[in-house]
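In the two complexes below, chain A is the common chain; its partner is chain B in one and chain C in the other.
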Partner chain A sequence: MRNPLTILRQRLEDHREVRADGGTATEAGSILDRDSVRSAPFWLPPFLLIGLFIYGAIIWNIVLSLTDFQGLGSPDYSALDFENYVIAFVGGTPSWSELTVSPVWNAAWNTVVLMVSFSVVCLAVGLVMAILVDQEIRFENTFRTIYLLPMSLSFVVTAKFWLYMYNVETGLVNIILGAVGVGPIEIVQNPDLKLAAVAFALIWQFSGYAMIVYLAGLRAIPTSHFEAARVDGASTIRMYWRVIIPQLRTATVSALVVLTVFSLKAFDFLFSMYGGYQPGPSADILATRMVREAYANGNWAYGSAIAVLLFIMALAIVAPYIYTQYQRGEL
Partner chain B sequence: MSTETGRAGERTLFGHSWRRIVLYLVLIGMGAFYLIPIETGLMTSIISPETYSGNFPYLPPLEPLVPGTGELSIEPWRGAIDGLGQGLVNSVILVVPATILSGLLGSMAAFGLTTISWRGQIGIYILFVAGIFIPYQAVLVPLTQFWYNVVPLRAAFEPLAALPLVETYHWKLLALIITHTAYGLPICTLLFRAHYKKLSDEMVEAAQLDGASVATIYRRIILPLSIPMFAVVFIYQFTQIWNDLLFALTIVQFGDAAVVTQDLVGIGVSQSGTNFPLRMAAALLAALPTLLVYIFFGDKFAKGVAA
Partner chain C sequence: MSEHEPNVSRRTVLTTTSAAAVAGLAGCSGGGGGGDGGDGGSGGNELELLHAWSSGDGNAAIAALIEGFQEEHPDVEFAEEPVDGAARSNLDQVVLNKLQANDPPSTFQTWPGKTLAKFDGAYEDIEGDVWDDDLKENYLAGPQEQAQYDGSYVTVPLNIHRINNLFYNTAVLEEAGVDPESLSSPSDVVDACETIAAETDAVPFAQQTSGGWSTVQLWETILLGQAGIDGYEAFINGNGDTAAVESALQSVVDLSEYYPSDSSSISFTEANTMVMDGDAAFIHQGDWAAGAYSNADDFNYGDDWGQVTYPGTSRSYLLNMDSFPYLANNPSPEATKQFLSYCGSAEGQVLFNAEKGSIPPRSDADVSSLNNFQQDQFEDFNAADNQPPSIQHGLAVSPGVSTNISSAFSGFLEDYDAAATADALINAFN
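Presenting the complex of A and B:
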């Protein structure tokens, strides 16, 4: 293989000719010579695939949410209205059903509670652990591997493990509670504890992720900042609080966005934990409500409307994030 | 960044400062917290269901040495293999092509949108990135409509079923492969783009000046340099697709094409109650491929999730 630098030098000696060449290509040359077109065989097929399956499907879903599509058969696109959204907000008996359909406020509230508690605790645990792991400890790789291990598991598997941990008679959680004289407590089917139990299991699964993100953030801070703070005589805790943690803002934001989106996807976990579409009202989130309405009740259009609400929630979190990333030139 | 002080005069135990000892105790305690649900599951999965009492779920089955811990048995694992066998096969049929396809297409997209630079590519790329964060619920009903009522994939598979190894129900797995490829593309493109941005422009520019075509640049320069990133992407995608339930639930729905996560949901529950040893064995069996990948290639997995 020829040395690329030699080639480059040769070409630079020929500078004028190359430039004239390039000039022709951009000014008078056919559209086929443009880089966007020449590289199209590479980016266009994947782009069409996501265009069809992601963006096409989102638009189709919005249209479906305006129909009365219910049960078997195919959707009727001739009469579109916002009825499903009215039902989603205030409830009532829709034209496509004889039964009263409840609004989504309960599921929406649970979604927000789960999202906020899960993300905040994950970040806090992750931050503390990242700081501890960052103390030039021995066996760092082993500790990191263990902390991130649950992340490699499926939601379905995690749910099975925690269903067992939470079991009234044989679960380790109740055995530990019994050892300190509490319980046994019904956890999984207890309306007061359900959502907390779900959040706890998800924190178990994903706090290691927050740790990895924070650890990368800590390692990116120049050593001099740690040293400068120490020379000033600041205590360790003060140093982290005043000097280090404020510099982790980027890490916090990116971990937060990813964790929130994970919590929106907690459907798999709830489906596995409750063995189906019915987690019960106190653990019902928008993700489970949507799938239940569509796939268990056959209320396809209503499910689509809930999906649009979920999509808007995700967009409200992600769009500002992508926009700031774009402005900083980090995309 | 060390905050280890080790100052003279600090109290120590066998030459270690108390502070260090507490630090390690906390780290080990957290390690135990992350491992115990898995450890408990593993111990329970090797107890014979007849002797299972549930009194000491975290202890290995040591009967008759330790009463109440149950007898050692591989019966739960045998039951798990019976119950999940078909699902495991279907998951492999799904995950291998979907992982390779999404990785390959992701690398191509990142190349076309990064290495070859042109105006407006960032707009296209933003659509890729946004795709990472779409809640799947927002596309489920259209996907079901698309695969069941628009594309005659099932009809296309009926004549193919005469071939050896092909069954009619494989059409659902093909639909799932294409769907997972499309939804894996955004994250794959992001990972590859981050990698390609770090590559020096010199070689590509030199090759361009030399008159190399875009395809040659990809094949001769970029692809060989992408191999470490392919490892990261393949591991990440493998884990994601293997672990997914929602797409399988809404595209496969039920029947012979059910994947392993679907089979796992209902296993170990019967009229007579829950068979915990079987259920734990099944959970571990379903998790085994991703656990092995994680244990052997953990550093690459960490790279993938941290990106």
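Presenting the complex of A and C:
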């Protein structure tokens, strides 16, 4: 069976004439001839699917955030305004509600604090672990697996586990604190420690991931670099600080992006730990606020507006990464 | 592709696949607009019942109810779908999706009262069809009011869990020399806790504070006890007195001195187990706490544990109910109405509540087949002067206000600042 495309191309080629001036390639055949068109059956279906379900959904969400959609029924797309964003930034009583709605600053601030502290500490811990595991120690694989294992747990398991670990009477954290003469300290509902406790548990879960990324980066550095630094008389710390770590830039950036996105998704953790989407003002993040507005109150448009803010925050982190990758020709 | 089908080229397969995918997408986008599924005129005898009772006593209760109904109406089939997930937040989401898609279920499990506002406009009046004179005569005023939304009867309450209970471990109270019957106000409970702390090793007041709900229901009970039914109703109608609200919160702060020290890390189940094990004296909970006691060996009502109406609220029966509403555009109108009528019958309610551990809302129900504790509760229910709706359990306030109240309490659990929380609670209605 001859492929229709091949037949068509053959016909077009029959009509094509060679022109002395080189011609202006305007024949219809040239479009069908392009690689991008010929490979369309391979890239088009996933392109359409992702376009519709991811980018389409994002755009729809943005449009939805401009409506007054609330409760049952369907959104009215004829009157779009930025009211929800005004409410999100300054609060007030919106036209779609009888109740006053508070701004999202508190949740946004908590989100940023959680994101930054979690990502930075996670990277630091991961780097140290990677360097230690890279020393060609015995049972290296075992250590690697042990460090990575928490990542395989779901947020729900981690949350319940740390709820137990933070227990004032029987939790390991307070037992250790007690051994060094501190405490016992209330952690789970302590406004000063809540967010730190959440970040700590997440660091425990994800530093293994940072370690794996760094380990791969370290293994890619030729041994000669280590040897050259040694020959030049660099101490171990100086060698890592001046020679090795600068070469881990790519690993750092890619791990950072993934970790940041994880921190934006800490919703599951808070939901499990505090038995719902009310973790309290000192641990409330945009994700919990968004779900509260949308699913508890039925304020769909306002929930969408918070989702857009969350999306912009994620984009602000990912976009520079993608741009530098693009500039360095790695994309 | 297998080699037995050499005529199908890869490209054909790809083309077909993508065509199918595009067709599938078209199907997705078309689904939202049409009234597909809703027009169940022909299959009108299949009843789609959504509930979250997927395990434990709830599951046994709904099974007993359906079995009883099917004995009377063998022609009605059930497309019964337990929706998994904690409590009912997931269930509400499923129902919402179906309503948005114009494909309502026959009925679903929901709290009555102001919670109904969540699906405003989705219900249909069933006064006359289901809410006939028999139901109206036999439901007390409180539950009957909760069955209405905007003045029309739209749902049928099936059971009542009481919120204003104080459960206790008899042995611990005896050791401390505290007589629970002698307590007459919320502050007496605080005093009793002080005695228990001094006289025994037990935790006086078992409470969990990792989630806010136990504290909200404790506060609403104390508010009812201190401000009385008038003060309580003023609050749920948005005209609350800040001083009364703050005083009730202060009483919670006083009680919190007697919580387990690890209250923020434990769940309700663990708190309740402390009472059963004799490690705690009191627990304030809905009467589902008693369900765990009756399942335990050697922990018997009257001998090992007891219950008093929360001191100060003796004339009230603070309601938490489940109900089945009638949705407009119903896929099985007749069968749904038959089922709701059965839910409103004394027989159906007794079958259900025998398993669930709550009491029937019908005051004429024959409760002799229920356990002693339930019979005592039922007697209290019929003797109560009023049956106010619970705030925490969605009856008293609309979902938006309820979220504000939960938020206020999530802050309260962090700092126990009674004054600031009182302001937040009063402002929850604005």
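Convention: the second predicted complex is superposed on the first by the 294 of 331 C-alpha atoms of A that agree within 3 Å, B and C clash if a C-alpha of one lies under 4 Å from a C-alpha of the other, contacts with A are read in each partner's own complex, and residues count from 1 in each chain.
As a working rule, a residue touches a chain if its C-beta (ideal position, glycine included) is under 8 Å from a C-beta of that chain, and two chains touch if they have at least 3 such contacts.
Just so it is clear, the model here is predicted, and its values are computed rather than measured.
S.K.: Should chain B and chain C be called a clash or a fit once both complexes are overlaid on chain A?
M.R.: clash
S.K.: So, A:K194: does it touch chain B (first), chain C (second), both, or neither?
M.R.: Touch status of A:K194: second partner only.
S.K.: Now for A:I175: first (chain B), second (chain C), both, or neither, which partner does it touch?
M.R.: A:I175 contacts chain B only, not chain C.
S.K.: Classify the contacts of A:I212 with the two partner chains as first (chain B alone), second (chain C alone), both, or neither.
M.R.: So A:I212 only meets chain B here.
S.K.: Contacts for A:R242 in the overlay, against chain B (first) and chain C (second): which applies, first, second, both or neither?
M.R.: Neither: A:R242 stays clear of chain B and chain C.
S.K.: A:F161 contacts which: chain B (first), chain C (second), both, neither?
M.R.: First partner only.
S.K.: Count the residues of chain A touched by chain B and by chain C, then name the partner with the higher count.
M.R.: B
S.K.: Taking the superposition on A as described, I'd like to know which of chain B and chain C A:G275 touches: first, second, both or neither.
M.R.: In the superposed model, A:G275 contacts both chain B and chain C.
S.K.: Following superposition on chain A, which residues of chain A contact chain B and also contact chain C?
M.R.: Comparing the two interfaces on chain A, one with chain B and one with chain C, the shared residues are 41-42, 44-45, 49, 52, 74, 164, 167, 169-171, 275-276, 295.
S.K.: Residues of chain A touching chain B in their complex?
M.R.: 4-5, 7-8, 11, 18, 34-36, 38-47, 49-58, 60-61, 64, 74-75, 129, 132-137, 141, 143-157, 160-162, 164-165, 167, 169-172, 175, 204, 208-209, 212-213, 216, 218, 221, 223, 226, 230, 236, 239, 257, 261, 264-265, 267-268, 271-272, 275-276, 286-287, 290-291, 294-295, 300, 303-304, 306-308, 310-311, 313-314, 317-319, 322, 326, 331
S.K.: Considering the complex alone, what residue numbers of chain A touch chain C?
M.R.: Residues 1, 3, 41-42, 44-45, 48-49, 52, 71-74, 97-100, 163-164, 166-171, 184, 186-191, 194, 273-276, 278-282, 284, 292, 295-299.
S.K.: Note which residues of chain C are touching chain A in the complex, please.
M.R.: Its residues touching chain A are 7, 9, 11, 14-15, 17-18, 21-22, 25, 86, 89, 92-93, 96, 99-100, 118-122, 209-213, 260-262, 264-267, 399-404, 406-407, 409-411, 413-415, 427-430.
S.K.: Quick check: in the complex, which residue numbers of chain B touch chain A?
M.R.: Per the touch definition, chain B meets chain A at residues 1-4, 23-24, 26-27, 30-31, 33-38, 40-41, 44, 54-55, 57-58, 105-106, 108-109, 111-113, 116-122, 124-131, 133-143, 145-146, 149, 178-179, 181-183, 185-186, 189, 202-203, 205-207, 209-210, 213-215, 218, 239, 242-246, 249-250, 253, 261, 264-266, 269, 276, 279-280, 282-284, 286-287, 290-291, 293-295, 298-299, 301-302, 305-306.
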